[in-house]
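Multiple structures follow.
Paired with chain B in one complex and with chain C in the other, chain A is shared by the two complexes that follow.
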Partner chain A sequence: MNKQDWKIMLVDDEHEFITTLAERLELRGITTRVAFDGESALLAVAEEEPHVMILDVLMPGIKGLEVLERVKRSNPRVQVLLLTGHGSTRDGIEGMRLGAFDYMMKPLNIDTLIEKMESAIDYAAKAANLG
Partner chain B sequence: MRDALFMGRLTASATHEMQNILATIRESAGLMEDLLALGGEGFAHAERFKKGLSVLAEQVERGMALSEQLNYCAHAPETTPVGSEVNEALRSLVGLLRRDAARCRVSLVLAPGRTGLRTSLRAVEIMALAGLALDCALPLLERDAQLTLSVEEQGGLAVVRLDAGVYEAMRKQEPFAELASCAKAAAVGLGSGPGGQGLVLTLPKPVA
Partner chain C sequence: MLRLVELLKHPLRELQSDVDEAVSPARYTMLRRKIIALMMAATLIPLSVMAVLNYYEHQNAMVREIQNPLRVLVNKTKNSFELFLAERSSTVSLIASAYTYAELADENKLARIFAVMRKEFEGFVDLGLIDEHGTQVNYVGPYALRGKNYADQRWFQEVRLKGKYVSDVFMGFRKFPHVIIAVQHMTEDGRTWILRATLDTRQFERIIASMSLEPDADAFLVDTQGTLQTSSNNYGKVLEKLSFPMPPQTYEPAVLTMTDPLGREVFLSYAFFPEADFVLMAVKPRTSALKTWYTVRGDLLFIFVAGVCAVLFAAMRVTDALIRRMKEAEERREMALREVEHSQKLSSIGRLAAGVAHEINNPLAIINEKTGLMKDVLDREGDFPSKGKILLQVESVLRAVERCRGITHRMLGFARRMDVSIEELDLGELITETAGFLSNEAMHRKVDVQLDIDPHLPRIISDRSQLQQVFLNLFNNALAAVADGGLIVALARAEGDSVQVSVRDNGCGMSDETLKHIFEPFFTTKKGTGTGLGLSITYGIIKRLGGEIAVESTQGVGTTLTITLPKGQREALA
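Up next is the complex of A and B:
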């Protein structure tokens, strides 16, 4: 699949961070949708399923891991990349157990993020072919 | 203990915020770099701009290292069933005290030594003991000296070495009495390095 066809959802309550990241991905031809909390993210996923969700683990309201669990139940094809901090690496590991594709620590390296998104999309495509 | 845990909680929360701030700075600097790459040819100050952005990137890296060490400190008072990894505790201590040592014109270094060695002590106890040992050594060192901490294994125990100064002179320093009393309370062996040089802390075994 071409990058231009990817559908990426970014979820983080840090507005400046996530909107700037979205802008940088858009500059690279990647279509993004942004949600600032777990609840909006769940509604957005129900509306239009993304290929990959980039999800912060520590947000006010519904926590990242709960969003992950609910998304994996309702839309198992969505691949989730968790964003963690030094203090939340354990959440990243727990997230992998709950079905996250991978986790990354903030601050991000955009090239690494794109590589991981690509791997997640390839993985989902292979899994769909096998299924 | 409760105070230390509370301070740890505050610090952990603050380091999480610091990471968000650093992440936002990195993305914003990255966006400027992207925009410059897209249409910077006509921009007279492009080179200066790029240099400024690379300074920002370096400072973000520096902030990340500091925030990681602070976050380690935040959790250092916690008791864990597996005890603490000695090298990890010293790495954070050295990172956070480097500036303090530089004020005495001494460079503080953690030697690349054994990783994976554990002790039953909490990380905060390892850091406090090594910090007191540094307090005994720093006033004795000459300007531009290097003070090296290292970790090694001796007879199945983790040993922290402070490679600087004469042990007998360190014993005469004011913080030594506190170091000796803390070492005794934590069942840590305290003695000199080979030839009466430097200081050695022998840490208790991790709980099996």
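Up next is the complex of A and C:
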């Protein structure tokens, strides 16, 4: 799949961060949808299923891990990359246990992020083929 | 004294107040003294009272035990004397009755009678017949006393009056101490004569000798006026005046205690003769009489002293054990408190670090993205004046962000160590690998790093990366402590249910003050170069892995850090 065909959703309550990240990905030819909280993220997923969801763990309202759980329940094919602002691996590991593809820590390295998105999409494709 | 009374009144209150305050060595010393004093008082007071009572009771019993036999002996001997005198006077009386005056006046006959008397009874010296006028008409004996007139002598008057007379001991003209026994006989026709025998008082000495007294004891006969009738060892010769006053007259044999003229404490036992003018006396020095008592007293004293020593020893041992237990409990309590305090400090620092890192990471992420976007845009723009310069600035910001990221991640790393990931691992391999990280520095500084790892070290269940962090810290600290060319020895051994790893260096060592604080966060001796978190993190990790860490250090000699890890997984971590 080409980068242009990737459907990426970014979920974070940090507007500045998430919009800038979206713009940078756009510059690299990756289309993204942005949600600023858990509720709108869940609504957006119900509307159109993304390939990859970049999800911040710590948000007001519905917490990242709950969004993950609910997304994995309703749309198991969505691959979730967790973002965590603090270094507790516990959240990362807990996220992996709930079905997250991987987790990353802020601040991000954009190239690493794109690599991870690519692996997630590859993984999803393989999983779909196997399924 | 008042203090002791107070102490005895409220011993527990006193001790309790001491227990509460007992933290310093001086307090323990004071407490120890008080407990020992209390224990000694509680045991020694009754013991001493008993010993004193026993002592006097025993002494009195002993004195009675000694006085009674002495009294009995004197009485028996007195009886022997009386029997001796009664036998002899009866014999004289019998002869006076059995023979006529004519027979007794016959020289040959009297000689024969005297010979028979002497044969039957010892002690007779002579025998004489005296007519009513006091003239000795017949005499058998060693002296030429026939014809001697006794009419004006006291004994003659007394025998005429009483019919029978036993004299005191006297010298007379025979020149040796003797006693006379005189018996008056009266015929039917009213004629009277007197038969008079003399007794040698050596017989008295024999009776006294038969008492079998000890060498330092003394026995003798005196008359009621205090004139010695037999020689005494200590109080005068025969017929001399007794050198101490006569005791009061009693009808029963008696014993009294007195100081004799030689200055000795003595027991004096005596018996008055009812029929004769004699008193038998026996003197025994108190010291020799009470010799057995003194031995017993010595034994008693020895037992008492041994008892006191045993009580003292036991009190000291028990108190020492008690104090040791208290000290241990106190130390354990203090250590537990310190551990709680330490872990609280650690966890709050962990939380603080996580909070700070999180708060900083979010804005840092924004800076990162914004700057990244600037760079992206610049990269996509064509050349314009100052593009290069702006790009340089942007990249510089990105590098600064990267540095900040490093810092926050290290802080988070510290917080993250609250988490544990468990696996089965080979500790020897882990130590070898970790030591390898430092081999370059060690080689450069010519530090000899020796690994002494038991090849049969069991595999343990623990957290690999955290243990690696621990050993890295230990090796780093050891390297920092040793001088160039120093020595670091890592030793790994199985110890029962656990594995013990010690890292020893021959570096500068630490002072006691430093040792107290080395596991505290932010405590460092590496001025300016250390974070003060190394050993604190190590301590936290080891505790979470269910292990123990101990440090021994001597300034100028070196430091040994010993880690004990359980072989299996700690239940709390499961």
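Please note the rule applied: the second predicted complex is superposed on the first by the 129 of 131 C-alpha atoms of A that agree within 3 Å, B and C clash if a C-alpha of one lies under 4 Å from a C-alpha of the other, contacts with A are read in each partner's own complex, and residues count from 1 in each chain.
Heads up, the rule we're going with is that contacts are C-beta pairs under 8 Å (C-beta built on N, C-alpha and C of every residue); 3 or more make two chains touch, one makes a residue touch a chain.
Please read these numbers as outputs of a predicted model, since none were measured by experiment.
The superposition on chain A brings chain B into a clash with chain C. When the two structures are aligned on the shared chain, A:Glu47 is found in touch with neither chain B nor chain C. When the two complexes are overlaid on their common chain A, residue A:Asp111 makes contact with neither chain B nor chain C. When both complexes are aligned on chain A, the segment of chain C among 131-139, 347-355 or 419-427 whose C-alpha atoms clash with chain B is 347-355. Under the contact criterion defined above, the residues of chain A that touch both chain B in one complex and chain C in the other are 14, 16-17, 20-21, 23-24, 27, 58, 85-88, 106-108, 110.
The residues of chain C lying in touch with chain A in their complex are 354-355, 357-358, 361-362, 364-370, 372-373, 376-377, 380, 401, 405, 408-409, 411-413, 415-416, 419. Looking at the complex, you find that chain A touches chain B at residues 14, 16-17, 20-21, 23-24, 27, 58, 85-88, 106-108, 110. Of all the residues in chain A, the ones that touch chain C in their complex are 14, 16-17, 20-21, 23-24, 27-28, 58, 85-90, 105-108, 110. Interface residues of chain B, counted against chain A in their complex, comprise 12, 15-16, 19-20, 22-28, 30-31, 34-35, 38, 60, 64, 67-68, 71-72, 74-75.
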